[in-house]
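Handing you this structure, nothing more for now.
Chain IDs A, B, C, D and E follow the sequence of writing; residue 1 opens each chain.
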Amino acid sequence: MGYFTKRYHPPGTPPGTLVEHAVKKQTPLRIRLIDYNDREFVDMDLATVEDCQPYLSRSSITWIHFHGHVNPDILSEIGTLLSLHPLAMEDVLNAGQRPKIDEYDEHLFIALVLPLGLNENGSAEQVSLFVNENYVVSFHASEHDPFDPLRNRLHRRTGRIRTKRVDYLLYSILDLVIDQGFPVLEHFGERIEEIEEELLNSPNKNTLSKIHEVRRELFLVRRLLWPHREVLNHLLQGDRELVRDDTRIYFRDCYDHTIQIMDLVENYRDMTGSMLEVYLSSISHRLNEIMRVLTLIATIFIPLTFIVGIYGMNFGINTASPWAMPELNWYYGYPTIWVIMIGVVGGMLIYFRKKNWF
Amino acid sequence: MGYFTKRYHPPGTPPGTLVEHAVKKQTPLRIRLIDYNDREFVDMDLATVEDCQPYLSRSSITWIHFHGHVNPDILSEIGTLLSLHPLAMEDVLNAGQRPKIDEYDEHLFIALVLPLGLNENGSAEQVSLFVNENYVVSFHASEHDPFDPLRNRLHRRTGRIRTKRVDYLLYSILDLVIDQGFPVLEHFGERIEEIEEELLNSPNKNTLSKIHEVRRELFLVRRLLWPHREVLNHLLQGDRELVRDDTRIYFRDCYDHTIQIMDLVENYRDMTGSMLEVYLSSISHRLNEIMRVLTLIATIFIPLTFIVGIYGMNFGINTASPWAMPELNWYYGYPTIWVIMIGVVGGMLIYFRKKNWF
Amino acid sequence: MGYFTKRYHPPGTPPGTLVEHAVKKQTPLRIRLIDYNDREFVDMDLATVEDCQPYLSRSSITWIHFHGHVNPDILSEIGTLLSLHPLAMEDVLNAGQRPKIDEYDEHLFIALVLPLGLNENGSAEQVSLFVNENYVVSFHASEHDPFDPLRNRLHRRTGRIRTKRVDYLLYSILDLVIDQGFPVLEHFGERIEEIEEELLNSPNKNTLSKIHEVRRELFLVRRLLWPHREVLNHLLQGDRELVRDDTRIYFRDCYDHTIQIMDLVENYRDMTGSMLEVYLSSISHRLNEIMRVLTLIATIFIPLTFIVGIYGMNFGINTASPWAMPELNWYYGYPTIWVIMIGVVGGMLIYFRKKNWF
Amino acid sequence: MGYFTKRYHPPGTPPGTLVEHAVKKQTPLRIRLIDYNDREFVDMDLATVEDCQPYLSRSSITWIHFHGHVNPDILSEIGTLLSLHPLAMEDVLNAGQRPKIDEYDEHLFIALVLPLGLNENGSAEQVSLFVNENYVVSFHASEHDPFDPLRNRLHRRTGRIRTKRVDYLLYSILDLVIDQGFPVLEHFGERIEEIEEELLNSPNKNTLSKIHEVRRELFLVRRLLWPHREVLNHLLQGDRELVRDDTRIYFRDCYDHTIQIMDLVENYRDMTGSMLEVYLSSISHRLNEIMRVLTLIATIFIPLTFIVGIYGMNFGINTASPWAMPELNWYYGYPTIWVIMIGVVGGMLIYFRKKNWF
Amino acid sequence: MGYFTKRYHPPGTPPGTLVEHAVKKQTPLRIRLIDYNDREFVDMDLATVEDCQPYLSRSSITWIHFHGHVNPDILSEIGTLLSLHPLAMEDVLNAGQRPKIDEYDEHLFIALVLPLGLNENGSAEQVSLFVNENYVVSFHASEHDPFDPLRNRLHRRTGRIRTKRVDYLLYSILDLVIDQGFPVLEHFGERIEEIEEELLNSPNKNTLSKIHEVRRELFLVRRLLWPHREVLNHLLQGDRELVRDDTRIYFRDCYDHTIQIMDLVENYRDMTGSMLEVYLSSISHRLNEIMRVLTLIATIFIPLTFIVGIYGMNFGINTASPWAMPELNWYYGYPTIWVIMIGVVGGMLIYFRKKNWF
């Protein structure tokens, strides 16, 4: 996972410049138009951008979804058609991965981060939205398409969504994108539990890498998802008349979800921080244990080896000096040595036992 | 204890969808109705939800408590009867474990966390409340029933609670739920003291696991209980007319309790963080002690062993060269070696004493 | 020192219930009444609570101080006499050790923490105050009585305090209680300096315990004293007309003292946190030193011991093979070995010197 | 890189004193004037400061850029010409490296930090701006000139910038300076990824230095760039009429960029903090591994060496005592010893295997 | 450097009590009066406090500076003359070392901390100021006198300061005091760079003490200087009419300096925190290196010593058993042993090389 995932123009580029960034794999573009009110419903794929014009002029709610790779030409076509602000259009291409909301005269621009692909290839996906009283235009350059459940709900004629205004559609999209955080966090939770299991039972080198990796991703998730809170706060508090009173409670619910997600991320981050410390303490503890065994063995046998070394000396072999290791010639010399050695060992064991070493 | 305890719908599910989550063990539902004013008092079990209707239409205060497992059908029945908002009803089932308060036209919705079962099976329980000027409807899916003391107070005809309005009943429930935090924290305090005792006297591997476990639970408790503060703040400051001036001081007291609980949790968290560092320092210190013993023994005996090794060499056994270990044949050779060895040991002891090693 | 020092009722107890908590040692109650204005002064001990009634009805300032153990009966007597709010009376008994201020219709209730006995038995004492325009009623369940200096000032007829209103008396009590923090912090400062001295010169196991203990107490002091700030802020900013403009500057000074105390506590906490890290580094450094000595000795003598071991082998003793350790029979064999060994030692010393090990 | 990079006057110097600070290398001054409106465009180098006067009196937008070293004389000349405030002029010379904005009667003064040369020689460069409704006067004492892309955009007659007012020029300069942060952060991101690679695969002493160096620079970058946020906030919220409504959205975009940059810096800082801890854990883990090998070898061979040492003793060589090492004379003595030694090794291996040491 | 440097009265002392604190060395008092307007200038030493009276009644600006030790008698004399508030006068004596500003009816009281002597004897000095529309009265109990540059500027008749009001004099004093922080921080910066050099090249025990000492001082500096920000903020935002619009920009500049100083202090603190961690990692790394050498030598030579030990056993010397070490009698026995030993060493070196140990 690259740490720097922001795509940016060379500094000094005029604002609103639409330039394509080289991307490895691109999903081909599919323009999907859904136009509905409580009685009628259209769901079709558009061949060109202009095809959406008749629907925009009607009073029904229009949702145009650009799924896959949008090149600058098509984007500027859309921009002209809907009078989108160039700065916002630039943000669609420069997937900046910081959720934000900007109010323009003609429309709201909302950039969201979809944490869907986070665990696979490490880069979150951006969902860009242009919203005004008549339409939602959304962009999502990905292989995945998480919006099917929403389309199914729109298809159902009796669904609440069909009777509501565009703000409810916006809420449904926001809710869908933000709730993708829950399975991601569930996955994090499972990984952390697994690592913890390993940490407390058999900590090894991999445990460390795993903790580090989880932390790294949590730092990233926090950075990416935190600003969702501001986006929803702006929608709830903003003076723009887009969000009506009867829908506000839904946005409030969505806001609560972002808070829940951030609470969990913070919780996980604290946990993993604590786990790093536990890991360090744990291997230090293990080192203690290892060294205790070494010290026990070494301090018992090194003196003994010295003692037997003494009587391996060859003094007295070629000389008859009475000072030359007379012990060797004592009648009980050898058993005496054993008694001494057993005494030394016993003394040490008592000392170590007193020091609580085994 | 699982880290991820939020139950959630698949993203994209319409808001207000009531679906049952698989739960291991379910307490059978018991619907308990208490209806009272200063003169009359009814306490009965209801067989069906509809049975409460006559009481709701009266001017007395009605408290309907759903204890145990509520299935979606019964919930939607209640919802229809009391015109509960679908979003709030969804929150009753999706025990989200984040305390919150939502104002709807018809009623307030309050979700609280009861830290009762935290130490047993690791998942806190949710208490959900619907409140308006006439009734409190509460849900609690648990085996425990902590509300008995409150019912006893209601039974007593002379109790202050019988003369007060519904806001005082709400306060009494909130107070009871929040004060459950005190025994939980007392238990934490005792555990921390025990661990600290162990930490300073005989730190071992288990000490580390215990510190980690306490920290993990404290992180969880902080996350779960922290939002109680917002809930009470909202009730105190909110413009809704539910809480009257004479009851406000009670809610304020309840707010102070949440602050006290959070203060203690923060205090405990800082303490255990400090204990982790002390543990690490403590086992590092112990390692020092162990290594000092090893080094003392090894540095004294290894040179001695070398010296006795020299005179174990077999030079001069088969040869008469005057260069072949003539020391072996000296008259005082053996005692000389002992003098040298005692000198070496003495020198080392002086050196180590100067280095303050024993 | 116990971590959980809050006394609480079982959850569900009605608010305002006055129940005695079991306490080890109780100072017998002494009710002391001081009643004064600029001309008159009364200082007497009361036998019963009712005796204070004549003084309360006069326009002079009345200070009733309950020193020692107050049992629930006496407290409820006082409550009836002065129409104290039951919630506040409960807080007098449940010494909750969180400073707070509550505004009731009849009076202010202020709970303060006196850090006096902190260093002795680890539990701070609570001073509870009821104040209105006519009186101050204070409770202090302790053996110590720190209020004598204040009484002496009241005795002096010329003191500024005799010409001032009840707010100045309140200020004098607050100031006295809060300034008890300075000697406590001075004591902390001295302990930290001592520990630091030890830490940098001869760190040992006790140093760690001492640092931990100081940190533990600082965490506690922070938790206990921090809310004093809110209490004073409330008095300064509150809309209640108790604190008049000419006394406000004194409360402001008192506020500054709480800030100074918290600044110092934070400072000490940062210092001790840093000391924990220094301790860990310091014993790690010492381990390095120990291991360097061991490694030096071991790496020099272990190869030498091997070399002398070779020539302790008995090859060639019972055989005449020319391959059986012919070195033993060389004319200069023994000195050659010494040359080799000295060479090995020299080489190692050069290597270690280059590695900067001694 | 020096830690203290602020140039300051000796305390007590009158405000607005223009004194040259000794700087190692100075780029010669180049005064570049650009004057434009939607029809006309002038881009020329000025020989003296006075040459700009005719342009300033015209209604067109004038941008005077001082590139390179400005000495106090020239600066005070400019100051007199444009009535610049002495305090602001002092800030141009005392490159203080804290972005700020000051409102004077005649003009705004803005100091920005250009993180361009940060990775080369460790000192960020200051860009100082004086702005009012008619002109932008900018100072940049550097070898680099990052403003060429902006000049190119001004040259193009059809560019949006030519039709806009001076606030758009200001925005363009701010945007260019702030966006220089992106390549710098990209470079940081690459370094951190490289270090992480090294950290997890083959941590060595250099890894530590590298982490420390990156952290040091990140601390610096944070300190330098953080106040850009305040500068832009002031421009967006300030009551000065300089930034008009149609340009505000551009400044808002610029503000978002500063937030993105700070988010990344914080993210990197957390990452490197985590990496320090991982490094420590990682080398501790490696020490464990090393010690395990040592302990394994030592505990196996030290007892064996003791055993063979026993039978190297010379008891019984010169004596016929039946107590003098009779084992030596047993028929199967030697194989028995081997059996014992193999038994000891086997027992130890089983013990270590059970302890999970290899 | 003592940690607790606050001088305080025993709790319960009446506010405004002026009591002398025992101080080691006291600079004798010098009262210096400067009285000026744009035409006239007086600079003289006063013998008694009363001598300043004629100057105070004139419309010119009067600056009375008390340099050195002020005893309570003189202070109360000044207090009476200028109607200073007793609380403020107490703060002059109880050098509390927390910068603050208090508004009294007659005057402002400002306490500043001069970080001048910080590096020498560890206690910062207090500068106390009383200011109103006519005068500045300042107290500074120190050996140093940093105000000479300001007096020189006042002497110069053409200086801007002579044409300004008392707020500009106040600004000049504040600026001078606050800017003393820059050389102090420059000195810190140099020390930190030196320590860092040492840390990365040859970390030793002293490095640790030095880091700790710098941190300790930085904690202190932060505590002492941080409140300067509040003082300046109060002056800038306060409703008091002392600071006029044309001088406000100068106070704003001064405010920026306090922010710059705190930014640097925070930066240094983060740096030294990081350095502590680097130190720990660094000596752990070094321990690894040492242990690697020990393990290498020990694991190679211990088995070899065992092998040669085997053939040092005396089996077969006194017996003719064919099982008694027949290897000793083999024709190629000795070279075979060498081959085996070389094989063991080679195998181990290959193993260690694979483990990347050298």
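By our rule, a residue touches a chain if its C-beta (ideal position, glycine included) is under 8 Å from a C-beta of that chain, and two chains touch if they have at least 3 such contacts.
Remember, it's a predicted structure, so these values are computed and weren't measured experimentally.
Touch-path distance (fewest steps) from chain B to chain C is 1.
Between the two copies, chain A and chain D, the C-alpha superposition involves a rotation of 70 degrees in steps of 5. With centres set at the average Cα position, the gap from chain B to chain E is 39 Å. Annotation for chain C: residues 277, 280, 284, 287, 291, 294, 298, 302, 305, 309, 312-314, 316-317, 325 touch two or more other chains. Traced around the ring of touching chains, beginning at chain A and stepping first to chain B, the chains run A, B, C, E, D. The residues of chain B lying in touch with chain A in their complex are 2-4, 6, 8-16, 85, 87, 96, 98, 100, 102, 104, 202, 204-205, 208-209, 211-212, 215-216, 219-220, 223, 276-277, 279-280, 283-284, 286-287, 290-291, 293-294, 297-298, 301-302, 304-305, 308-309, 311-314, 316-317, 325, 328-335, 337.
If you check the complex, the residues on chain B that touch chain C are 146-150, 153, 159-161, 175-176, 179-180, 182-183, 185-186, 188-190, 192-193, 200, 249-250, 252-253, 256, 259-260, 263-264, 266-268, 270-271, 274-275, 277-278, 280-282, 284-285, 287-288, 291-292, 294-295, 298-299, 302-303, 305-306, 309-310, 312-319, 321, 323-325, 356-357.
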